[in-house]
Amino acid sequence: MNFPGSGIIKGMAVTALNIVGSYFDRAHAKRLITEQYPEERPKLAEASRSFPFLVFDGDDPEKGIRCVACKICEKECPPQCIYIVKDTDANGKPIMRPKVFDIDISVCMGCQICVESCPFESIRMDNIYEVSGYDRFAPLVLHKPQLLKSNAYYHGIRPTEAAATDARIEAARLRKEAAAKAAAAKVAAAKAAAAAKAAGEKAAETKPTQPE
Amino acid sequence: MNNLWAEPGNSRLVASAKSIQTDWLMTDDALKQELKQRGIIVASFEDILDWGYNWGRKNSLWPLQFGLACCAIEMIAAAAARFDIARFGAEVFRPSPRQADLMIIAGTVTKKMAPLVVRLYNQMPEPKYVLAMGACAISGGPFKEGYNVLKGIDRYIPVDVYVPGCPPRPEALLEGLITLQKKIAGQRLFGKDLPRHANPEAPAEYPVPAYGPHDLVPPSNPGVFCPPTPSRAE
Amino acid sequence: MSPLLPQTVLDRLHAALPQARVELVNNPSPSGQHALLVHREDAVQVAEFLKNDPELLLDYASDVSGVDYPEYLEAVYHLFSIAKKHGPIVLKTRTGDRGADASVPSLTRVWKSADFQEREAFDLFGIRFEGHPDLRRLLMWEEFEDFPLRKDYVAPNDCEYEPTPHGDIVQKAAAASASPVPQA
Amino acid sequence: MNFFALLKDFLLQFLGLFKNLETLPVECMRLLREFLTKLGELCGITMPQWALDTVSALVLIVAILVTFLVLFALMSVFERKLLARAQNRYGPNRVGPFGLFQPVADGIKMLTKEDLVPRAADKVVHYLAPIVMVAPALMLPVFLPFGRGMVAVDLSVGILAFFALGAGTELAVFMAGWASNNKYSILGAMRAIAQMISYELPLVTSALVVALVAGTLSPTGIAEAQSGYFCGFLPKWFVCTPWGFAACVLFYIGALSESNRCPFDLPEGESEIIAGHLTEYSGFKYAIFFMAEYVGMFAVNGLLVTLFLGGYNAPFPFLEWVPTWCWFFIKLWAVALSMVWVRTTLPRFRIDQMMQFAWKFLLPMSFVTLLAAAAWYYAGQGPKAWMSPAAWSASALIVLLSYLLLGTFCFTRRHSATNRRYLFSE
Amino acid sequence: MSASSSNFFSGTADAGALEVSLGPHHPSTHGVFRMNVRMEGETVVKLQPVFGYLHRNHEKIAEKNSWLAAMPYTDRLDYICSGTNNWAYAVAVEKLAGIEVPERAEYLRVIVGEMTRLQNHTAFLGFILGDMGAWGSALMYAFREREKILDLFEELTGARMMLNYARFGGVRCDTPAGWLDKARAYLATYPAFLDEMEQFLTGNEILLSRLQGVGVLSAQRAINGGLSGPVLRASGVDYDIRKVDGYSIYPRLKFRVPRGEVGDCFDRFMLRLLEARESLKILQQALDQIPEGPVVNPAVKQRGFKPPAGEAYGRIEGPKGELGFHLVSNGTEKPYRYHVRPPSLINLTLLEEMCLGTKIADVMVILGSIDIVLGEVDR
């Protein structure tokens, strides 16, 4: 049927279908998809990302911090919103721990490149988004205490990824241990060999050696 | 007036004439707060006026239809079916600044655009609010190193609410709107801490920067923008 | 895409326009997109030929960009043929220097698509395209004096508030916070 | 008898009126006059007739104003909610129950908003335009019969007066556009003038059709002419006849245009000229424009209801227990909400297409309906036409044929989705 | 009338001419685009686009940063279609460095790219209706479906809009469990939505009269003006880079390239609908054929990436047209020259030609039918 005006009538039928449909569609299936935000919160996908945070193991943030202040993320961050200062021990010698770790979330673009480049599985993406405020300056620069979040939290927001990370760390630890064991064994063997050699030498020694 | 109006837990609104304000009860904020916790709301005439005025304004925030960049798409998404900013009465995007209450700066403000944003802000009638949506509007964001990017619109106009994110999710924008509503609800028409629009000493217009040979002139409005020097441990 | 080698183009060019100064510039990268460098005085003539030659028919100037090299500026055209579905042929012209002689002929009259892109190169690199119908700044404002995409461009220092500075921004931020914004 | 006894007496009488809802508004007015007279007697004076008239007129004005302002407020929120529903959203639902207090919040905000007058504006005209806009709009409803015997001003040439007053908005729109000294405003104002004048013709002509058949220019008379039923239960509304249906659609289109509603919102076309003549208006002046447009829309819709939809008459005999004034407002709402429905669906016309549509399609069509109505009247011998097959077929044929001819000539011949071919390459 | 107080054009205006500046703040300039228009009555007699209000120095910033760091910035070029932007950049870099891409990664790129095209074209239908003055219903329906695609994106890449998904020699991450099935299930509902849109819009008489015969462009002009994508094909040019260059796995997929005959706004409008249907076909095939395997070439070092010296021009068929990247490397960690060939900007070349003699309302529709995104126009 194609009389003048039929297109308009078809269009009106579509909107009428939507008006009526929205009243009979309580399941948010097709017609009415509104999530009433402050009451109904979105179920974020596991991969969902907003700003970075720092993972720590165990209960004590300071002790369990994974970050070693290698500054790779600082260098890789495209908008340069990370600022890290290495900690120093009592003697002023730099140690593998950040003294300052700041992220300016008023600049951060949530690209996840810091996460990809972190070799220590330390920096990860959070999925918080309710961070609005009245002040631009201080509240939007996140410092270390605000950034540090526990591994349990990480497991809470993205279980699959966290489990994989833990597995990797565990594997690395095992590898390291094995390597250490091997090294220790090697050292022990070397020691033993040296001892044996020394003993042999000692046994063989009848005359004092010449100092060089 | 200071008979004990009600038992605790029984919320009621008690209006009083202006003269009552001299009453010790009315000026004692701590006591007011405590009474409020017990369910008694002490309100002077001014309080009621403030409440009604703020209630009206906060529930009818008409944004300026003004999208700058990526965040504008999320702003449209916030107005669209999934998030529906209309539930807060804020879906009336007015194309003319004369009828808008809220300027959502959704996206990067470039130096070429900045004078126009300031002019639009000046064209809006009071009371007006600015919501900086997204990293770029707040600080220049990822593009802050650019030669043509303004490092935050608050260099020229006062911003009421900052919503970080790149781009913020539509929910984050709604949360920013709720934050703004809270701010409006706390504003007073009388007393000392007057909001900008009720303060006769606050500037009515903000100077529009000019295009210079290398940069905008001036690069920021010192009356609005006073950044702290970031303190850092080296 | 039927392959069209720059060498073939060059041969045809030499055959048709023996006086035109065109040479092949080798591109060492795996992309193998070798370029034809044409002397700026012959550029329009060569462009007309490339566009109209029945074997080449490079009717589609897809991309125009400027490149800043230490001694000269370069305008790079990427040409395709929609009729023959081949390309890209990279056409390059160079300015005399980076200052007073920074000009190449405009190819907008041959390919209209070069219009805005040549204006952009003029805006950001300062390459003057002689014969362009409307050579004004495209992106920056008219009063702007610099050419920001040149390597020697110095951006204005507006780093008063940099909580997370890096590299040269550290010095800039220090300088900016030492001397606050001049009161206008 | 003291004052309180009198008051009590009348209050009881007033409550008694609720037994018969049909006559409630009219009886209320009668009671008010009676009460005033009695009150005068109590004080020992005879109420002069002019005083009674003045007071009751004032009460009437206030009643109509309040009714239409409440309608406006409700419309502003229901429109937003309905639009939202058409777009799969909820719409305003957080301010008060179901978001019904949204217009209150908007009103408070509008009232307290700063009133900006551009420096270059013609200040006097800029100030006067909203007043000139709102005054005729608020006067229009007085000619409408809201129920049986409920009309504020029962003029024998009510329709003429309605259109004469309604034309005043054109002046106001142009004043607004001119005074703002803004390019968009003046563009919008010029569009508005062109549009309103063009669409007034089909609007008036299609009203004329009804006047021709009903034999009167009085809205009450026209509403009365549509009372009764044919075939036992079908309403004798003019919209049920072929010519009446056509005229009703034409009137509806004209009404959309006169009230600047989509798809004829060219004067404010926000995707082209920002907000047209309203671009420079803020705060309460803007609210007044807004209000005038909505009240004007309700008034035109009221006239449409009166002319074609049987006015205050019930649609079916078994529904006659519902008071007539309820029917009027139900129909009014239905027409107003249908305008929202149209707004959700259609894009806007272009200025030249809009003019072509008015002059090449609507105007000839409205003349055709005039012809069809005449055919109906003479083939069916006046009032008996409802049962005359000759009248039905004659007028239906005229309307249908000319519609198809004109529609094809004006439109389908030139634009069609089916005359395009798209080639595909593998 | 004192309206022509400011003249944008040199020379004195005629007495009857009215000059207005549409934008940069204007409801339907799709952002901060500006046009200086001289009109006689409502007829456009001169039109001059003004750019740069969103010039955020993408190229300069990319030249300051590492090769990888430019990737998230490409998201913000054409911010509706970040998936294809990433892809185009990756393609150019892969050309420059001669990188092989694993099979599964190619499939994932095609899936994300075609979904991007789908949501772009759907959103286009909404935006152009908005330009014609419809009160947003079409836009809302388009965004309703777009949200569902964005949900898929978020599950795959973590972000709704800024995917940052492609990497040199592959993509960033593999699909989460069940994602492909979810995508398949959702896309099965899409044709019904397109049918509804078609019923809603294409027969509408007002829409037809607003679009047909407006902004007609001949094939020859379109080619000379460098137009690309659906705008070029609407003018009857059979040129789709997916077919011509045959990049990625497109030669393996069966799909058709539609083209129009008239080259007016209606053809451009219809082409989006037709292309969306073709994209659905591609997606179906890609989702069915996707093989297992690695998603990124392990030989490529993303961090500290150093392509050999030289230059390359890589391009793909983006939703808006030919999106190309011209990269010059001097063998260091930073691009020496990084240039984007923005389809949105170049498609505007003939805007004035299309608009002259039309009404001011048509200008908006023509601009809408070109489908620009300011992030890409100004970069």
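All chains are identified by letter, namely A, B, C, D and E, in their written order; residue positions are counted from 1 within each chain.
Just so it is clear, a residue touches a chain if its C-beta (ideal position, glycine included) is under 8 Å from a C-beta of that chain, and two chains touch if they have at least 3 such contacts.
Predicted, not measured: the structure shown is a model, and the values here were computed from it.
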Farthest chain relative to chain E (centres taken as mean CA coordinates): D
Closest chain to the centre of mass proxy, which here is the mean CA position: E
Centroid-based (C-alpha) most distant chain relative to chain C: D
Inter-chain centre distance, chain A versus chain E - centres from mean C-alpha coordinates, in Å: 33
Gap in Å, rounded to a whole number, between the CA centres of chain C and chain B: 45
Chain A-chain C separation of Cα centroids, rounded to whole Å: 42
Chain C residues counted as touching two or more neighbouring chains: 139-141, 148, 161, 163, 169
Touching two or more other chains - residue numbers and ranges from chain B: 65, 80-82, 84, 87, 95, 112, 139, 142-143, 145, 147-148, 166, 169, 227-228, 230, 232
Junction residues of chain D - those touching two or more other chains: 86-90, 270, 274, 344-346, 411, 416-417
Interchain contacts, given as pairs of chains that touch: A-B, A-C, A-D, A-E, B-C, B-D, B-E, C-E, D-E
Chain A partner contacts - residues on chain B that touch it in the complex: 81-84, 87, 132, 135, 138-145, 152, 154, 159-166, 168-169, 171-172, 174-176, 178-179, 183, 227-228, 230, 232-234
Residues of chain A that touch chain B when the two form their complex: 32-38, 41-42, 50-51, 78-80, 83, 85, 99-100, 102, 104-110, 129-138, 140-141
In the complex, chain E residues that touch chain D: 1-3, 18-20, 26-28, 42, 129-137, 140-141, 144, 200, 202-210, 212-213, 236, 238, 243, 254, 256-262, 266-267, 270-271, 274, 359-362, 364
Footprint of chain C on chain A - complex, ascending: 74-75, 80-83, 102-104, 107, 137, 141
Partner chain A, residues of chain C touching it in the complex: 161, 163-167, 169
